[in-house]
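Labels run A, B, C, D, E, F, G and H following the written order; every chain starts at residue 1.
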Amino acid sequence: MNSEEIKMLLEGVKAGTLEIDLAAKKLEELPYKDLGFAKIDNHRELRVGYPEIIYCAGKTVEQVKTIVAYMNTKDSNILGTRATKGMYLAIKEECPNAEYNEVARTITVKKKEIKLTESYIAVVTAGTSDLPVAEEAAITAEILGNKVERITDVGVAGIHRLFSKLEVIRGAKVVIAVAGMEGALSSVVGGLIDKPLIAVPTSVGYGANFGGLSALLTMLNSCASGTSVVNIDNGFGAGYLASMINKL
Amino acid sequence: MNSEEIKMLLEGVKAGTLEIDLAAKKLEELPYKDLGFAKIDNHRELRVGYPEIIYCAGKTVEQVKTIVAYMNTKDSNILGTRATKGMYLAIKEECPNAEYNEVARTITVKKKEIKLTESYIAVVTAGTSDLPVAEEAAITAEILGNKVERITDVGVAGIHRLFSKLEVIRGAKVVIAVAGMEGALSSVVGGLIDKPLIAVPTSVGYGANFGGLSALLTMLNSCASGTSVVNIDNGFGAGYLASMINKL
Amino acid sequence: MNSEEIKMLLEGVKAGTLEIDLAAKKLEELPYKDLGFAKIDNHRELRVGYPEIIYCAGKTVEQVKTIVAYMNTKDSNILGTRATKGMYLAIKEECPNAEYNEVARTITVKKKEIKLTESYIAVVTAGTSDLPVAEEAAITAEILGNKVERITDVGVAGIHRLFSKLEVIRGAKVVIAVAGMEGALSSVVGGLIDKPLIAVPTSVGYGANFGGLSALLTMLNSCASGTSVVNIDNGFGAGYLASMINKL
Amino acid sequence: MNSEEIKMLLEGVKAGTLEIDLAAKKLEELPYKDLGFAKIDNHRELRVGYPEIIYCAGKTVEQVKTIVAYMNTKDSNILGTRATKGMYLAIKEECPNAEYNEVARTITVKKKEIKLTESYIAVVTAGTSDLPVAEEAAITAEILGNKVERITDVGVAGIHRLFSKLEVIRGAKVVIAVAGMEGALSSVVGGLIDKPLIAVPTSVGYGANFGGLSALLTMLNSCASGTSVVNIDNGFGAGYLASMINKL
Amino acid sequence: MNSEEIKMLLEGVKAGTLEIDLAAKKLEELPYKDLGFAKIDNHRELRVGYPEIIYCAGKTVEQVKTIVAYMNTKDSNILGTRATKGMYLAIKEECPNAEYNEVARTITVKKKEIKLTESYIAVVTAGTSDLPVAEEAAITAEILGNKVERITDVGVAGIHRLFSKLEVIRGAKVVIAVAGMEGALSSVVGGLIDKPLIAVPTSVGYGANFGGLSALLTMLNSCASGTSVVNIDNGFGAGYLASMINKL
Amino acid sequence: MNSEEIKMLLEGVKAGTLEIDLAAKKLEELPYKDLGFAKIDNHRELRVGYPEIIYCAGKTVEQVKTIVAYMNTKDSNILGTRATKGMYLAIKEECPNAEYNEVARTITVKKKEIKLTESYIAVVTAGTSDLPVAEEAAITAEILGNKVERITDVGVAGIHRLFSKLEVIRGAKVVIAVAGMEGALSSVVGGLIDKPLIAVPTSVGYGANFGGLSALLTMLNSCASGTSVVNIDNGFGAGYLASMINKL
Amino acid sequence: MNSEEIKMLLEGVKAGTLEIDLAAKKLEELPYKDLGFAKIDNHRELRVGYPEIIYCAGKTVEQVKTIVAYMNTKDSNILGTRATKGMYLAIKEECPNAEYNEVARTITVKKKEIKLTESYIAVVTAGTSDLPVAEEAAITAEILGNKVERITDVGVAGIHRLFSKLEVIRGAKVVIAVAGMEGALSSVVGGLIDKPLIAVPTSVGYGANFGGLSALLTMLNSCASGTSVVNIDNGFGAGYLASMINKL
Amino acid sequence: MNSEEIKMLLEGVKAGTLEIDLAAKKLEELPYKDLGFAKIDNHRELRVGYPEIIYCAGKTVEQVKTIVAYMNTKDSNILGTRATKGMYLAIKEECPNAEYNEVARTITVKKKEIKLTESYIAVVTAGTSDLPVAEEAAITAEILGNKVERITDVGVAGIHRLFSKLEVIRGAKVVIAVAGMEGALSSVVGGLIDKPLIAVPTSVGYGANFGGLSALLTMLNSCASGTSVVNIDNGFGAGYLASMINKL
């Protein structure tokens, strides 16, 4: 509600066409409307294909089931991340079209057709053990309406595999690089492309990787310009951000 | 050089219109051309306004002066980051139009007019002590040809200051949030916007901030979707990435 | 025992009205009495409603049962923290009026009516996963005789939810802010109120949250004046301290 | 501005006694007024004796001088923390009644008489090297209008010195414990009192104290109920919070 | 493919003895051939006795079984590291000559006789708990064709045991030192020999060993010249590198 | 073997009373004898009551049983630390007089009467959860022949309990202080006694205690002179060292 | 003051031979006397040769000078640690017999002859850079009246140098091992002796030694029984503790 | 001295051709000779071209000058690492042929011609700021008699520069990779070669590189087989080890 709208409201009050009680109520809500918080939320529900998202870790099967049941009464697609198979089976009883991706640990319920972008997001993965995080990113980006190209198992220890996929990587509008161990993939990819690169460190590794710290530090210290980093194992965050950028 | 071009080259050899020695030389260079590394570099020099960038920290005044003198023989604009005033004064002798930003610690030599984008990057800063990092980001983005809006001193300890600037922040195509201490600014801004957010932790603070670690961890753990992080104090990296996204 | 009392005792000895043996015994105990340790302990048992508290983690069901059985012979209310359901069931056999809060993991045995304060403590929680810690704080404060207002799920990623509860938060005499992940809630709340704020980092999160370290550092580095921090997940400590302040 | 006031404003508009433009302007400001941010600020300036506070570290002498000169045009007392003697001398030229505490590194300009509370804050310090932090806390509390009792050099290595001051410590409404090295003072004091204890770790020490980390961890892990912690060396924060609690 | 070969190819094209399509295909592959990645891989398969290696941790029994079944169709020996007994039993069904080393947790399938080197690698181990890592190193080196001497249980707490084996250690061409706890073994051995020493920290220990960090730091800071370090518990890496050096 | 003995041996050779072969053999062994390693070992077996010690953690029941069976053929007492009840039951079959201490997790087999020292070691423990570590220290000291006084549950949160035991603590020749959480006990005890103090940090606690790091740092930074520290949870090490000192 | 003494005092009061005021005064002091704190202090001043100790770091030249001047009015020897040469020169003006040890950075003023023990403390040092810490330990032990043997430059990288001094090390009643870098010296020495070993990590080194952390962790994790550790660079603490043990 | 030699000595004693005193003296030295420590030292002095090495950091100009003066009386070449220019100038006065490498901070005095190996060591460097460490490695290897090839400024951010030098890198017998920032160079090089790779992390970088920790962790976690790591900035250690391997 901008200055113009406030004046119009007041004109209505003055002219008697707007009840004072009604006007007062509208103005009381004004702080939040003016900050636009509600708008964002409404916006989300209105836009076709924009999914409702549930972070399932730390929730009980019952809780997840209840949330999905509620969401299922609406038109939006649904995405559950960090979901167990048990959660999926419970949901499936009520949403027969729910799907489970065992690698990404995601539950998706598609209630509307998703129209994909023409430009695409490249999800580049170092090793097969990094796939769960990479798939979480890819599934997230897809349900948000993005075309995704997966380039897997191109860790820097065998860098020729990466080069054979360079054309595809360079064709993307935004690139996600997922790597554990020493996380060098993001530095190498970052030096080869001229597009925003979202680096996702994973907790894959042992010894002095300290739960993903080694990959995280590598990626933060990358000399390649155009790189930024999300939290360790945060495939969802990378997919969501990539979608934002891809749709600009 | 794609399949088509290779075949054309070979047709020329067969037809005798292309010397074998010349053809051989072209094909020897092929690995690098095919990987396109050189292309990027040429591309950089050709595009008007794309600057040459020097990371001055750890270099001597003499070294920086020599590099700038060489760059000055070309047409590109020049950006030096982490530069001291001494470096600037040495450069000024030979490049009278060199400029120094004391806050951002940048040297800029503008040799071509920079045409700014219509969309803009918002650089949001928590405290006045974070300004050097924020200005480095802003100056970098500007010399790369981006319109920049600066929103300063809007740390979360006085959150109403942030809200009074919300309209400007939301109008940006991409937002940079710069904060030291506890770095909470990025979480709050990230929750209020629907655009990519680049969070820059700074080393500003004392005690248990451990050289920026506190702000870094805060930003990596931010619950706000659409956020990614660059290295502590890396204003340049944030400005460069924001430019990439803004120009998509 | 102050100077006056010592002199009186000595007068009694001189006058022969006090046996030397008895006087000697009293004076031998004097170090502790003078330090007042015992007084505190007696004080606790005498004051109505002041609970006996058991930290159940690391104790066996049998041990907890024995302690509660002993306490049950007295008049004080009983609070057990970090208790399992198994402990509760064992206790219930002997104390039928024992109650278990599954979220807070607390056992309470109310043997006396608790008269609540008029002023209240606000317990503000970022996410639903932080509820166990928040509830531990709330239950602790309540059994200590404080009125408590719970404000849940107001993390900074959706800051408008927080603002809609601002009136209630500001009305409190002391505020507890419970948050995991990046812990930014305490900074935002601290900037909005003019009352003591007790920040409780939780171990909720993943990746670079390092078991609550990220939230802890955020809260310690908060720019908001009037904030102090307790140990990670220490809901009890926050509730106890809030009670102390609320009853001043 | 509550519902009643909004209705009154609208009645004025309807009745024609309030100009639409004026009413619109008032309502535009409403979000902030309704959130009450401005009120706090006005409140601060209105209350006699409430000081303006400057964190001087990282600012130039010139900047500090300018800020103080501006503040000097108002009626509030002024407190500068982490100030150098050079800053003080520059300020003294314009504010002859400015005072400098070399130990606390504070500049104070008293423009109004400060009426002290009857209840007092006890500032307990472990070693003489911890005095700068302790004094910062004490000076802060005093300029905020609190009576302060200083108990110095009572580290636990000679615990009898602490016990000889126990009466004074126990008489306080709130206690601040300042300690570096291993920081055990807060645990011992916390076990001896029944009042809120604010623990301030200092960076005093060497070797495995890691810039105050050892004292910080000690204090966070203290078994004594009623203890909370502020950032390493944050004497100001402790003094400010103690004042809040003391004035409840 | 060097300059000479490229010219020959072009001569063939010119002479019409080489089809343009075929020549084009060869040249398209040239970038990778020129980088020689494939050569390495071919080289590996051709050299007798060079094993295929599988890192089994984080793979399912089924996955490991499938990989081994595929490898079993070739002539190379097979080494699986970090393998469980369950994996071995599954593999044994199809490869009856598969062998399992319970200590080293390795599966080996020998399909060709391994001809050992004359020079040998000494694997020196501090305590019996470090044996799994040491055996992984030894088995790796052996299947790569190296003669290995094992010197076990010679931790520095009983340094005379180490000295009684000094002759054997000094006779080696390269030495691997495996130690957990404080990892001092590598410093002592490094000071006694004049050969390359590969230090392997293990995660064996408790308390302040922090998962092998103590041994890692010890080994990195060793004053003995000629020492380098691999990741914590990385027996395979040490065995592989030692083989490289031993075969120079 | 000193100069005198070497000369005597040579005189024997010269005189023909000592066979050259025998003399050569003796001289070959000389390096080790001269270093005295063997002497220590013999010494251990010869001294009555000096136990054989087994660190059971990370060993199988079978391994522990075998080692104890072998030791049981000798005359020395036997001490097994970090032993499970399962290990004890297996051993009991063959050594019916084996004893198991459930708190300390020690197995002891007394084959000779242990004559205790007159001076004693005081083992002071902060909380009941620290008892396993404290008991390991006490049992170790006792089987090594020391009189031990246990002072339990005297954490600094209720410091009067500590003072009521001060006489006993001060009477010891050497004191062991065992504490988790913030570990302040060692600082307080160290300030009250004039004897060597061995501080044992335990991993007891939660949140920011980081597996015992908080107590470890506290103890290392203790201002009390005469204090030294062993590894986290290393009760055995403390008991062994205390025995060494007590028997000087 | 024990029970007997209290009774005697009371008898005196009863008999009228002791004034009530005087008796009251004595009894008021009783808490501290009973705890014996004062006794320790008196004890210190009475024992010949027991020095007064000043930790000079963080004090001004003036402060140190004042403290020494005061101490100089008494009979005790004086030890200043972490002293600068400037402090020494200032002190020398008033105490002409003050001595400065440039390596140990200690000031000593010997006012009484020090009678040395017959048994000695061995101070074993790894490298020449560790000498300042080692000398601080040695000087401290000497002024406390202990005979000291220095064994320098016997780091494990050239372990034969250590063995050539083994006789001297083994002859000591207690051994101090000082080492930076990887700190392995303490493990090796600990395995060769049967006496208490005090390990002192130093901050000497670079890279991953993290200010002495590597040596600290090595020493804490040492497998050699009978070892304990003091803070990084804490030569004084080691010397003081060694003296305590040597004089038992 | 082996069994044969001992017998021969004894025969001499028996035959009277060897004095008992002389024989005794020889046998007394036997422990060290038998352990061979002395042999190494003699060996060093005897072999032509093997340099004497001084670690200059932490030594005074005077100390370094004295050591070099002493060494200059012998025939060996001399290498001083971490030397300042001031040290060089002082040395130059007495050794006019001393040379100083400003980048590597090394002083070399060549007293004998160095015969280089035919095989060479490749020293690969990521950025120009890493050159001091790389040069220290190269100079060390050269004075030890190795041919060295330097490949500089081939960081992974512009990976094509690395590939253009691949032939040279692959031709080496052993490769040293020097990199700061994120240290990804070692992973990439390690994946491209089939030779031992020594990775040297440098402290070059800022923010979350934590003094070289990021590069160190990257290199330790490298997936490329055949890689080992030395301490941060330890160019000397890498050069020394590479020489050992190159000369096998």
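Keep in mind that, in the parts below, a residue touches a chain if its C-beta (ideal position, glycine included) is under 8 Å from a C-beta of that chain, and two chains touch if they have at least 3 such contacts.
Composition by chain, UniProt nomenclature: A, B, C, D, E, F, G, H = AIR carboxylase.
Remember, predicted model here, so these are calculated numbers, not experimental data.
Any chain touching chain G that also touches chain H appears here: E, F. The interface of C-F is repeated, with over half of its contact pairs matching by residue number, by G-H among G-H, E-G or F-G.
Chain pairs A-E and F-G differ in how many C-beta pairs are in contact, and the one with more is F-G.
Between chain E and chain H, the centres computed from C-alpha atoms are 25 Å apart.
Centre-to-centre separation of chain E and chain F, using mean CA positions: 40 Å. Note on chain placement: the centre of chain F and the centre of chain H lie 42 Å apart, centres being C-alpha means. For chain A, residues touching at least two other chains, in rising order: 31, 35, 37, 158-159, 163, 192, 207-210, 213, 216, 220-221, 225, 231-232.
The full set of touching chain pairs reads A-B, A-C, A-D, A-E, A-H, B-C, B-D, B-E, B-H, C-D, C-F, C-G, D-F, D-G, E-F, E-G, E-H, F-G, F-H, G-H. On the side of chain D, the complex with chain C involves touching residues 35-37, 40, 163, 166, 170, 173-174, 192, 194-196, 198, 216, 220-221, 225-232, 236-238, 240-241, 244-245, 248. Chain F makes touch with chain E in their complex at residues 31-32, 35, 37-38, 57-59, 201, 203, 211-213, 216, 231-234. Contact residues on chain A toward chain E in their complex (touch as defined above): 129, 158-160, 163-164, 204, 206-210.
Considering their complex, residues 126-127, 155-159, 181-184, 187-188, 190-192, 205, 207-210, 213-215, 217-225 of chain F touch chain D.
Of all residues in chain G, only 3, 6-7, 10-11, 13-14, 16, 20-21, 23-24, 27-28, 30-31, 34-35 touch chain C in the complex they form.
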